[in-house]
Structures are given as structure tokens and as C-alpha cells.
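Below you will find the structure I want to go over with you.
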Amino acid sequence: MTGLEELKTKILGALPELDVVIGWEQGYDALNATPLFIRKPEDVERLIIGPLCAHNLATYLPGLKDKKVGIVVKGCDSRAVIELLQEKLINKDNITIFGLKCDGVVNLNKIRKKIGDLGQIRKVVFDSGIITITAGETDHQLKFSEVRMDKCDTCKYPNALLFDHFIGTPDDRQNGIEPEHISDAEFEKMSLEDRFAFWKQEMSRCVRCYACRNACPMCVCRDHCVAVTRDPHWISQENDTADNWMFQMIHVMHLTGRCVECGECERACPMDIPLMLLRRQMNKGVRDVFEYEAGIDPQGKPPLLTFKVEEDNIPEREW
Amino acid sequence: MRIGVFVCHCGSNIAGTVDCEKVAAAAKDFPDVVYSDDTMYACSEPGQQGIIEAVKEHKLTGVVVASCSPRMHEPTFRRAVERAGLNKYMFEMANIREHVSWVGKDKELNTNKAIDLVMIAAEKLRRDKPLISKKFDINKRVLIIGGGVAGIQAALDCADGGLEVVLVEKTTSIGGKMAKLDKTFPTVDCSSCVLGPKMVDVAQNPNITLHTYSEIEEVGGYVGNFEIKVKKKATFVDWEKCTGCGLCMEKCPSKKSFDYFNEGIGTTTAINIPFPQAIPKKAKIDADFCRKFTKGKCGVCAKICPTKAIDFEMKDEIITENVGAIITATGYDLFDFKKYAEYGAGKYPDVITSMQYERLMSASGPTTGHIKRPSDGKEPKNIVFIQCVGSRDKSVNRPYCSGFCCMYTAKQAILTKDHIPDSQSYVFYMDIRSPGKSYDEFVRRGIEEYGTEYIRGRVAMVYPVGDKLIVRGADTLAGSQVEVEADLVVLAVGAESAVGAPQLAETLRISYDTYGFYMESHPKLKPVETNTAGVYLAGACQGPKDIPASVGQGSAAAAKVLALFSKDQLESDPQTALVNAARCIGCYKCVETCPFGAIKEIEDRFGNAKAEVIETICQGCGLCSVTCPQSAIQLQHFTDNQILSEVKALCPSMMEKS
Amino acid sequence: MLLSNKKEVVSGMNTYKIASVDAAFTAEVEERSGQIMSQCYQCGNCTAGCPYTFAYDIPVNQIMRLIQLGQRDTVLKCRSLWLCATCQSCTTRCPNNIDVAGVMDHLRHMAREQGYATEKNVKIFVDTFLESVEKYGRVFEMGLMTNYVKKTGRFWTDMDLAPKVLPKGKLPFKPHPIQGRGKIAEIFKRFREGQRK
Amino acid sequence: MTTQMTIPYYPGCSGKGTSKEYDLSTLGICEALGVDLVEIPDWNCCGSTPAHTVNHVLSCALSARNLALVSKMGFNEVTTPCPSCLTNLKVAEHKMHKESFRAETNALLDIPYEDDVEAKSVLQILYENVGTEAVAARVKKPLEGLRVACYYGCIMNRPPEVMDFDDPEHPMAMDHLMEALGAEVIPYPLKVECCGASYGITRRDIVSKLSGKLLEVAESLGVDAVVTACPLCQMNLDMRQSQINTDNGTNYNIPVFYFTQLMAKAFDLSYRIQGLNKLIVSPKTALARIGKVVEKPVEKVTEEAAEK
Amino acid sequence: MPVYDGKELRIIGFLCNWCSYAGADTAGVGRFQQPTDLRIIKVPCSGRIDPLFILKAFQGGADGVLVSGCHPRDCHYAEGNYYARRRLELLKRFLPVTGIDPDRFEYTWVSASEAPRWQHVVQTFTDRIHKLGPSPLLAAPLTDAEMAKLQSQVEAGSGCGCHK
């Protein structure tokens, strides 16, 4: 992500017409970024972009439906915007998109696993694929490719797909991308029994904090999420494995054909449950059956909201 | 809630393989069940009375009946519950006959299964809410599709009952198959003499609007308020001007057009009135044969037409008709006899279909009623009739009996003797099916008085030798092979569903069987209803039928429509979707998927986008409920919670398996 | 009516004891042939089309009926089985898609296994034919003819044709055995071993 | 003509004996049309009707050996002129789709057959792969004036589920080929009736009756010759014609050709290939009609009636 | 009410009212005998079936779930089964991700007149479920063996690579 100054200029130019522009700023230390809501020109100064800007800001858009909003998006974030537009959950007329090209964002959990919790981070420098993290007086050097988010390993869309302003030059990089995430390949080798036991174990750790849901740009039900209602009463509020499992199933099924794989659920999960594994696997089915990927084409139709009389990839029932 | 459970023995139908007392006893332990008993025949008057008394005595607020399929008696019990003073939707049924006692023999397992089914019915009932039907106005016009004898009868009966009728016929004249017949069985009276006056009545009845050479393009709306788009196909003749004088037919130079009315026996002119008694008696140009269309020049008819009715530029036209009910009387078509290559059908000119033979015998036919065989115009002396051509034949995918061929063949053999006294008719048959008033006597008369020779067996092949056709068949009664030297072979072709029947069914949203015949709502008790409210069936579109049966159904369907229209308003089924506005976020996914356009986009008083169901249009499929992620739209009586309660009852999460 | 094929006089009628139907026979025919006998509704189309009806003692539709009735002996003893040429007329035209010719074939197998050979010469011809195949790998037509005549004693068979046919040089007087004839003999040997089991 | 296709060839036993002329003319015309027929090395008898009347496993084993040999040659198609051989090959092919049956049959064989060969008649190859246009193009001496009835025999097309070629009741492939040669084809209604098959030896009365019927109808149509595609049919109609005449008190003198012989004739191939001297009933008179203008038969009435 | 131990397994059927429920009725009228395991929940249309109902059934310990609707083109509501087909096909492909054997779930189309077909479907599906045996339970705690296996897999770096 480059072109911070260019971005600032563009935002300043557009700000008079907008109620708010959402970007990122530094959080409580140099390693943590946090969303920034720009309302006044002076707020723009705090804006940052770069590999720390992991948050998918599109998550805020449905809540600001009636406001004039500007938003800074990476490639994956822009897919969420497109999907929301497709589903008429937001109105394009009210939105100004500042599109970026992205070289990947960091996964703080991975960093933490490598170097432990270092307390206050003073400085973070990215240079030629190496991150240098300074805590106290010590420098820690890590390969960026080892600590970036899983989704970046397989990212096909580094550039914002939909924008009003594009910052910098689009990246046409196509090499170095893994066709499939390494976790999927390994997961697929597991037997059904092992998978079942695996999820049972994972779900037993879920604390039902709903962070995954709250971080998800496509979870637009919010207060009306069926996971917490009595009518319909899908699951109890008891934190047991079976109900946790059911909750995650509800989340996945509600994302069928809609999930843009921004990874926010997994990033938000305090228990580090591999939620993206479920979503990637579901999306694989969607691709196989409907040759469809969510959040690519603003005019596209989510596959479960339409049908074909003769489906191309659904075999006739044999019996 | 206070639930009463009634477990029906259905004589021994259920009690034979289900321990009904045990089921009733088990139900006592279910939540909210305060009363449970078994009963001999729940649907009988005493059975219903028992339910009503129990409701009153035990202050029941909901009723479960475990008996037959709800598709059988749900309406019956709903009425009983209503008589008991409850809302009729506070009722659920457990199907322990069709789904239990009749399909399993192990009494212990059956009983256990029946208990489960009662349990889920009770669980669902606990979440039922009283529902009140909405009323809406009816448009008291009726659309009748098909102008054969069934459609004509239905049209006349409806019109006599004071209804406005729109009759749509796909050919240029009404009359259907019956108009082509020479005589009818078993009375041997002249078909067109019987039908003709009825056709004229249709033309003259001020209540009937007739659209011939027209087809149904689109059907929208619902019972009481259908909107129909009718395509009036271009005839290239302005019927407002055409007087049916027939001058154009005399002058038309294209005299070898296919004669559809005469089944291709003989030819007609490219501009033609199909037969002299046609209603309406108007000319149409067959563009496949008209020289103006095929060669670009001619136009003789336009020049000589006294009223200048010819219009070569005419285009198809779509008109809209609004009606409250629809009667489908689209009839049948005849089996394509060419599929019987072993009979030389379509290959040897003197092997013809029974309908072609009708035209050969008819005084209005191409031979003015003189039976002449197509090849050389000679009068045939030996005539062989082969039955079951395209009936009872799995190898051509027509395993069903067409029902009327035995009778018309008997008739044709008798008429043959009348036409040609020194002729001999042979009928190859498998079984003679003549169950009808005076039908079998008629067949016997053919055999005994007219000397028709019946030979019990199928025919394997027909081949020509000289100017004869050798028919080689079997006489299974004599146990031998037989050969007949015939001058003419008539194939008694069976009935199959009309061309385009499945497509029309889909337009009408009614179901049809494997063979394209329309499905009645109940094979015994609702023979002219369909499962789509406001759409009725008459005649052979439902299955092969002879004239009296078709006429009977025409009248029956008309009676159904008259009964429907006897009220000014209809009640809609209240088991419709309902939006919980508080939860609706206005994404309108439901609007997108609703097959009926029954959901509209509205704004609440704060200007928030919301969805709202039009109850009278909603058909209650529940597609919207699944589409809505926040479950803001719920199909009443099949809510998420109701289905969930059934699932949870059957699969209680914490249950440990041993 | 022209009943072209008047049947020759049939011997006296049997009373079939319907109560003692040999259901195992029906089942065996179904099992072997893969056809469902109850699908036959006796339309007679097989008999109508069968070119051999005139030579049969029981017409083919009645054979089908007798199978339904489980009349094992009557069926397996009948001459018709040996005269069916498997011309497929019945199978092709059966409205119920029953492979009638296939059923006849299987009946023949059963008759053979149980030692019936009502049309003896046909059986001799068949056996002689297969002997020739077993011996040489191919049919030696001249040898087949001589052997058949030897076995049946019908020395006059086709004598009239000899002066016409022999000069045409179409009938070699010596067999042309194939190299792999041992392999063919093996096939027969294994087959017989299998049958014994 | 250059080779268009190469296909393994199964002549059948009679091709090496009583139907030598069928074999020779088949090879000759195929060569002329660019179809390279490669005889299966060391093929064996298919067992014909006798084998399948005794046992299906045995019968299929005999045919499967030949199919396996084809497979070994590196082909998955084989052609034979003889319908009886074809039936056995196709039935074996058909039955051995089923795994259990295949295993049972392969148990009798040295080389197992792997369910990978399809058998077709020479007629089918000529009609479908070569085509009537190519045949017509190769004609040097058209058969104009020759009136023929095409007789296919009972098992060339039946049962349709197994044979899978042409119409089972009114096949037309041979008719079209004869038309391509310039012959006048008279519609023959008994195209698929049985001739009496191999009962000539055991029950001559049967053949006399059935083949007699075929000749009776052919004669009534006024044809000059009957054209066949089956050695057994040809033998019954030609070689046994004198017997038929004796038994039925008739006096037919109708030559019976293999369709390949007439093709060879029209292609003007050598006499050896035409093999007309092998026929029992002399074709001289019939062949003399070629090139002569023939009066139209009295069919006008029919046409007029049809127009009415 | 528990299913009969040893004799029955827990099989839930979701049937549309117009075709398959009616088809099951027709099978009953025709006395087409079937195994008793299946418990039918009637819904108006296969389009009413939320895939989550099926997952809910599995969560509750169902051993098999069968969905049956009108044949494509024959939906009483014109289009319901087309949507259902998409949802159910995806669910079928997703089930193995959760570790539930996809053979435990089947969807099919049976019309009101197809009694023999319904019998065949019930028989085949029930046989299949009996072959698979009882489904694993989410509610039951992991056994020690399962725990140890998982642990060793994670430590060995195989299995799911998410926690490497």
C-alpha cells in the first residue's frame, strides 16, 4: 500500500461532500492499527495505510446506511462493499470508495506466536519483505511472508475492485499466489471421523462472544441475529459444544455464496478458532457448483437468490 | 395450552398394526396434553361429536388427531374443531395410517413410530396461533380453455348460470374431436347433428366471448382474480369483415394444402374454412401452403373477397382477460400411428387411423361418406380393425388403456356394414372393454347382427401383396396364427395428452402425470378440481374419456365454478407468510425470490424500508422464510419455531445413545 | 378369413392342475432369462409374428402362458423349443418388452439339461455342428454334413443339391483347422467341467 | 482410392465355404472404397445358432475369444459380413457389459475379454462410415434397369436394443446402397421375415415354406433379383430354390445376390471379385436387363388416388 | 421418544406437502411396505426447508436426514424446489467439511404418483444409514483416545495446519 499523501489529498478533496470517511490510524502501539473516522480535515493527518491495516472497514457501512460515507478499501475489503451493494444492503449513491492496492496485511497472532508478547511496541518497519519490530531496545526481525494473514497467501484480488478514487498503480502480480490454502489441503486429507472430532474440539473452545459475527461485514442482522433470539429459537444460550457448533453452522450457512473471505471473523476470534477453514471450504462448493465468487461483480446475483431450470453442475438425482 | 389427543383406530386399518390404546396413553405424558383417548372412527359423526364434547368438557384449546393423512381428512377435522368453538387452525394431524400402519407390519415399531408422530404434532400445535382468513372480491368471469365438447358444455352451463365466459380455442373452430366423428356409440346418432346446435348456442350466447385460433400465453394472479394473456394468432383474414361466404376457397389456386380437419385424407385450399358447420365460420390462411407466403405472389383471395377481409400483414395479438376461475378442457390427441412400423403405418396408404376412417365415413368428409380406400379409391370389402395401437403397450410408453377405442371400433365395424353391405369386418382385440350403459350390448350386436369377426390377439405385421394387405395376427383362443387378406386396415389409435399439455400445465401451475394428463385433486373425491385453487378440469385433458364422461365433467366443472362464484367474496388461506417489521431490515431478498410477487416493498412511518406480504396472493410456500437471514418473515403455521420444535422433539440434543 | 396355417391335429387335451403349479419352474425361467413372466398379458403378438408357428406343437404365446402356470414337463417336452430359430420377431414386437426369444433359448437349455430332445434331428445337427467347432476351431461344412447324415441315417439329405453345388467349388473337402484349435477345445473342456459342478 | 479406414475383419466360417463369393466381393469393394479390412489372425467359429441354443456362456466365450483378439490387435471395432456371426459378437459384447457374466465367461478363456470392442456389420460400415455418396461416386457401370428387392434377413437389425442399427421393421441401408448403384429398388415388404435359417438340413419343409413365401412375394413384385446380406438367407433362397420349387410345385427362377456382388458389378471390379459364377440360380437374364429402359409399372392409379 | 434401540436408527424426513408427502401417502394406500425408522416432518414446499433444519437434526443426533420434494418443473409453487436444489446441493457438499458423512443426508424428488419410487427411496436410504450406523454425537465428550489422537496430530504438525 503506497500513496498515503495522494490518499490524504483525495480524502481532503472529497470530505466536504461527506459525513465521514473511514480509514485507519495507529492504535495503542506501533504494531496495532485501529479504524479512524474522519469527520474534520485535521483528522486526515492521523491516517495511515500499510500492512498493519487489517480491519475490513466495510463492516461499518450497513450501520451508516443513510449517511454519506467515504471508505478506504483494500482489494478484499472492496469485495465486501460489492457484496453489500449486490444485496442492496447499502446504497452506492451514498458511498465514495478510495481504493488501494494491497501487498498483504499482518496477522498479529502469528507475530505473537513467533516472538511472544513484548508489551509496548515502539516501532515497526517494513522493508523488502522483512518486518522489524522494536520493543524496548530490542529489534525483532521477521519474514513478512511468515506472518501475513492466511488470506494474503492465496489473494487473487490485491487491487480494489470497485472505487471512485484509486490510489497508486494497480498491481498486476499474479505469481507467487498459492492456488489453495495450505490448511485446506491438509484438512482435506483428514478422515471424516477426524474432522468431526477436530471441530468438536474446536467448538468446545468457542466462548460464544460473537466477535466473529460482529466483525463480519456480511452479518447485517446484528440485533436480530437468530443466534440470540427466542423466536426463532435455534440454540440455547448455554455454552456447550453442540450449541456452539450450531451457532457456527448458522454463521456459515448464512454466508453461503456471500462470504468474501476477508478473514475478519478469524482475526477477531479471541480463541483462535480456524473459522476461515469452514468458509473457504463452503466457498469451494459454491465455486464448484455455481462457478461463482462473492463480491466480484456488482451486477452479479448471489447464487442462492436465483436458480436455473437446468443446473449446469448439479447432477440429476439418481433415485 | 390444553391439548386433546384423539387416536383413531380406523377400524382395523390402523389398529391392526398399531396399538392405539398405547399411543393414546403415551400422549398423556406430552407437554400441555390434558386429554388423550382412542376412538374407532374419528372422522365419523360420533367420532367428531366425541372430539367436540371433549373440547368442551376438558376446556381444550387445541386438538391433535392421529389418523389418516391430513390430505384426506384435515378439512373434516378442522370443521369439527370449529364446531367445537375453537379456531380451526388450532389443530394438527398425525398421519399414522398411510405413513405407519399401512407401510409397516411390526406392531411394536409401528406403535413407537405413531407415538413419535403424535408427539411432533403436539409440539407443533403448542406453537400454533389462531388464524383468521382474509376476504377478497371475486371477479365472476370464467375462462374456459378448449372448445371441444367438454369445454362447450362447461361454457354453456356457466353462461346459463349467468356467468361471463371467455372461451379460448386453439384451432379456428370450436367442436374439437367430436366434430370430426361421423356417428357416436352406442346410439349411432349423427355426431355433428348432436354437437352442431350446441356449437351454435355458444356463438349466439351473449355471455360467451369466443377467442378461436388463440392460445394462453400467461396466467397471473390467483383464485378470484386471474389475469390471463391470450395470444390471438394471425389468421390473415379480418374476421370482423369475413362473412364466411367461401368464395376465397373456390378461387384459391393452392389446392393441395394439408387438410387438418380431415386428418390429411384429401386436401384443402390454403385459405379455408375447416368445415361447413365451423363456429365461427371464418376463413384462415395456412401460411405454409399459401402462395403469397411461400412464393411471394398470388393474392387471388384478396382480389375476389367481397368484403376485403384479407390482410397479409396481420400479426399475432396479445389481449388480456381478467377472470376469477379457469376450466381446462384441452382434450387429447391421438397416438402417432407411424410408431407402429410393423403395420406399415404411414407407409402403406391403405393403413389408416380410426379418425381418418371417421372422416372417410362422414357425409361431410372428403368422400362425402362413401368409403373409398386412399390408394386407389376402390370400395374395400375386407376391413381389418387393429385395436390397442398406442394403448396398453409398454414398448411405446403407452401402458394405459385409452378406454374408448373398443367402443368406437365396434361402432365403425357396424357402420362399415351399413355403408357396404357385402363387406366383412375383422377386429383384432386383446380384451373388449365396454363397461357403460348399453355399451356391451352394442358390441354384442356388432358381432351377432352385423357379423363383425372378433379375433382375440394382436397383429404382428401387415404387408402388401398385390393390391391386398396381408394382416398376420394371432388368434390366441384358437391357439394359432391367422392371416387376413384385407383391402383396408384401420388402426384404433389410442389417446395421448394433447400437444403442449405440459407447457400449459406449467403456465397454469397445475400438475400432470408422466403421460402429460392433468392431475385431479383427488382421484375419487375431487375429480374435476386441481391442486391450484380456482383451476378446474373437464374432459380428456385429465385422462382418456368418451363423450358422455367429458360432457359430464364439463357440467361438473361448471357447477364447481358456479358454487365458487355463489359468494361475493372468497376467503384466502391464512397460512401465509407474515413479516415481523421490527426485525425486517428491508433487504428485499424475499421479494426477489417470491414466485408469486406476493411481497411488496413499503416504508414504515419512519421511512424505513420494510417488506409486506399481500395475504391474498401469498400461496404459503415458505420460500421467503428461508431466504430471510434474520427470520423476519415467517410462514404462519410452518414457522421456524414450529419446524424446529418438531426437529428438536425427534432429535433432542442431549440424548445419549447407548 | 384365411386361416393360412391350419394346425395339424393335436393330441388329446391335458387338464393342468393349477393348484399344483410348479412355481419353482416359473421362478427358474425368470431367474435364468432375467424376464418377468407375469408381464405377459397374452396378446399373442409373439405367435402372430412367429414364422415357425405352423411347425410348432404349442404356439409361443401358449408356452409363455404355460410357464406362468408352472407346467414344467409340458413346456420342456414340447417340439416348438427345438424349432425356434431365434429370429427375434417376438422379442422385437412384444408390447411388454419381454425377450421372448431369449426365454425360448433358456427353455432349450433347460430341456437339454434335463435330457429332453423332442426334435431329435435338430439336436443332432446342433451337436454335430459344435463338435466340428470343438475339433477344428471353425465349422467344416462338408464334414458337418457327412457326420449329420451318418448320425441320423438320413443319407438322402440334400442329395439333390450335390450336382449343383459341388462344381461351384465352394465346399472344401478338407477341414481348415485354426492354429488355436487347442484353445477352442479348452473352452469346451472348461465349459463341461463347469457344467458338472 | 486411398485408405480411409482400417478395421479388423471377421469373415465367418461360411465365408471360407458356402459364401465364398460374399467374402471375396466384400474384400474387393471395401478395398475399392478405401476400407482396409484386416482379417483377425486365427479367428474361430462364433458357434452360430447352435452355440447359443446350448448355453449362453459357451456361446459368448466363443465370440469373446474373437473380440479379445481384436482388442489385442489394438482396435476397438470389428466388422463382419454375416448377420449370424454379428449377432453372436454383439450379444457377447452386450452381455459382457455385465461384470458377473463377463467373469463367468472369461473363466473359459485364455485371454480375457475386457469389454472394449464393438462389432458392426459390413453393411453398417459401408452405410455409415463410407456413405451412399462415396459409393455412388465409385460406380462405373450403373445398374440402371435392374429391379431388385432388398432382403435383410431376420437378425441383421433385430432386436434393436442389441443390434442398434437401422429400422428394425423397415431397414433401408441396403435399399439406399442399391439406389446409389443405380438399381431400381422395389419396396419389399418381407425384408425382415425369417427364411427358415439352418433348418434346411434338418427340416427342409420349414425352409421350403418360409423361403417359398419370400420368393412368392418377390416374384409378385416383378423383381429381377433378390439382394441379401446373409449367407444363410442366400443359401436358402438360391441353393435351395430348386428344392422349394419341388416342394411347393412352383417354378421360381430368381437370382439371389449378395449386395456386395452387385456393388462389385457396378464398380466394374474383376469377375473373380464379383463371383457371379458361384450363384446356383443363373443371374444371366437379370443382368441382361441392366441398361435397358424399363417400362414403368402400373402404379399411376395409386398416385392419382393419393392426389385426390 | 427414543427410537427403538438396536432396531431403528433416527432418520428424519422433510417432505413437501404436494408431491413427496402425497407420494408417501400413495405408497401407504398401495401398501408398499417400508422400514419404520423414518419420521416425516411435513412442510409446504422443499423451498421451505432451511438447510439449518438439517444441521439442527444432526446436532440433535439424527443418524440420517432425507429431503424429498416435487421433481424439477413440477413444483406446486412453480419455483420452490429450484431454490431448494441449490441450497441442498451445497449442504451436501459442505457436510463432509464438518465431518458428517454426506451419505447421511440425501435429497430426492418423488411425485404424488410415484409410490414404488418412494418405497425404493425409503428402503435404500434406511439401508444406507443402517450400514453407516449411529452418527457421532456432538454432545458426547471427546474420548481419551480421540483427544490423544488430536493432540498427536497437532504436535506432529499434521491434520489441520491452522495451529502450526
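The letters A, B, C, D and E name the chains in turn, as written, and every chain counts its residues from 1.
Keep this in mind: a residue touches a chain if its C-beta (ideal position, glycine included) is under 8 Å from a C-beta of that chain, and two chains touch if they have at least 3 such contacts.
Remember, predicted model here, so these are calculated numbers, not experimental data.
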Residual chain clusters - chain B taken out, nothing else repositioned: A, E | C, D
Farthest chain (mean CA position) relative to chain B: A
Pair of chains joined by more contacts [C-beta pairs], B-E or A-B: B-E
Relative to chain E, chain with the most remote C-alpha centre: D
For chain A paired with chain D, centre-to-centre distance based on mean C-alpha positions, whole Å: 73
Distance from the mean Cα position of chain E to that of chain B, given in whole angstrom: 35
Interchain centroid distance [CA atoms averaged], chain C/chain D, Å: 23
For chain B paired with chain C, centre-to-centre distance based on mean C-alpha positions, whole Å: 50
Multi-partner residues of chain D (at least 2 other chains): 168-169
Contacts with 2+ other chains: residues of chain C: 54, 89
Contacts with two or more other chains, residues of chain A listed in rising order: 234, 242-243, 304
Complete list of chain pairs which touch one another: A-B, A-E, B-C, B-D, B-E, C-D
Chain C partner contacts - residues on chain B that touch it in the complex: 342, 388, 392-396, 426, 430, 453, 455-461, 472-476, 479-485
Touch list for chain D against partner chain B, complex: 167-170, 189-190, 217, 220, 301-302, 305-308
Chain C residues within the chain D interface of the complex: 51-52, 54-55, 83, 85-89, 91-92, 99, 101, 105, 108-109, 112, 119, 121-122, 124-127, 129-130, 132-133, 137-139, 141-142, 145, 148, 157-158, 160-161, 164-165, 168-172, 176, 178-181, 183-184, 186-188, 190-191, 194-195
Of chain E, residues touching chain B in the complex: 1-5, 7-8, 10, 12, 17-19, 21-22, 24-25, 27-29, 31-36, 39-45, 47-50, 53, 56-62, 70, 73-74, 76-80, 83, 87, 111-113, 119, 134, 137-140
Chain B residues within the chain A interface of the complex: 583, 585, 587-589, 592-593, 627, 629-632, 634, 639-641, 644, 653-654
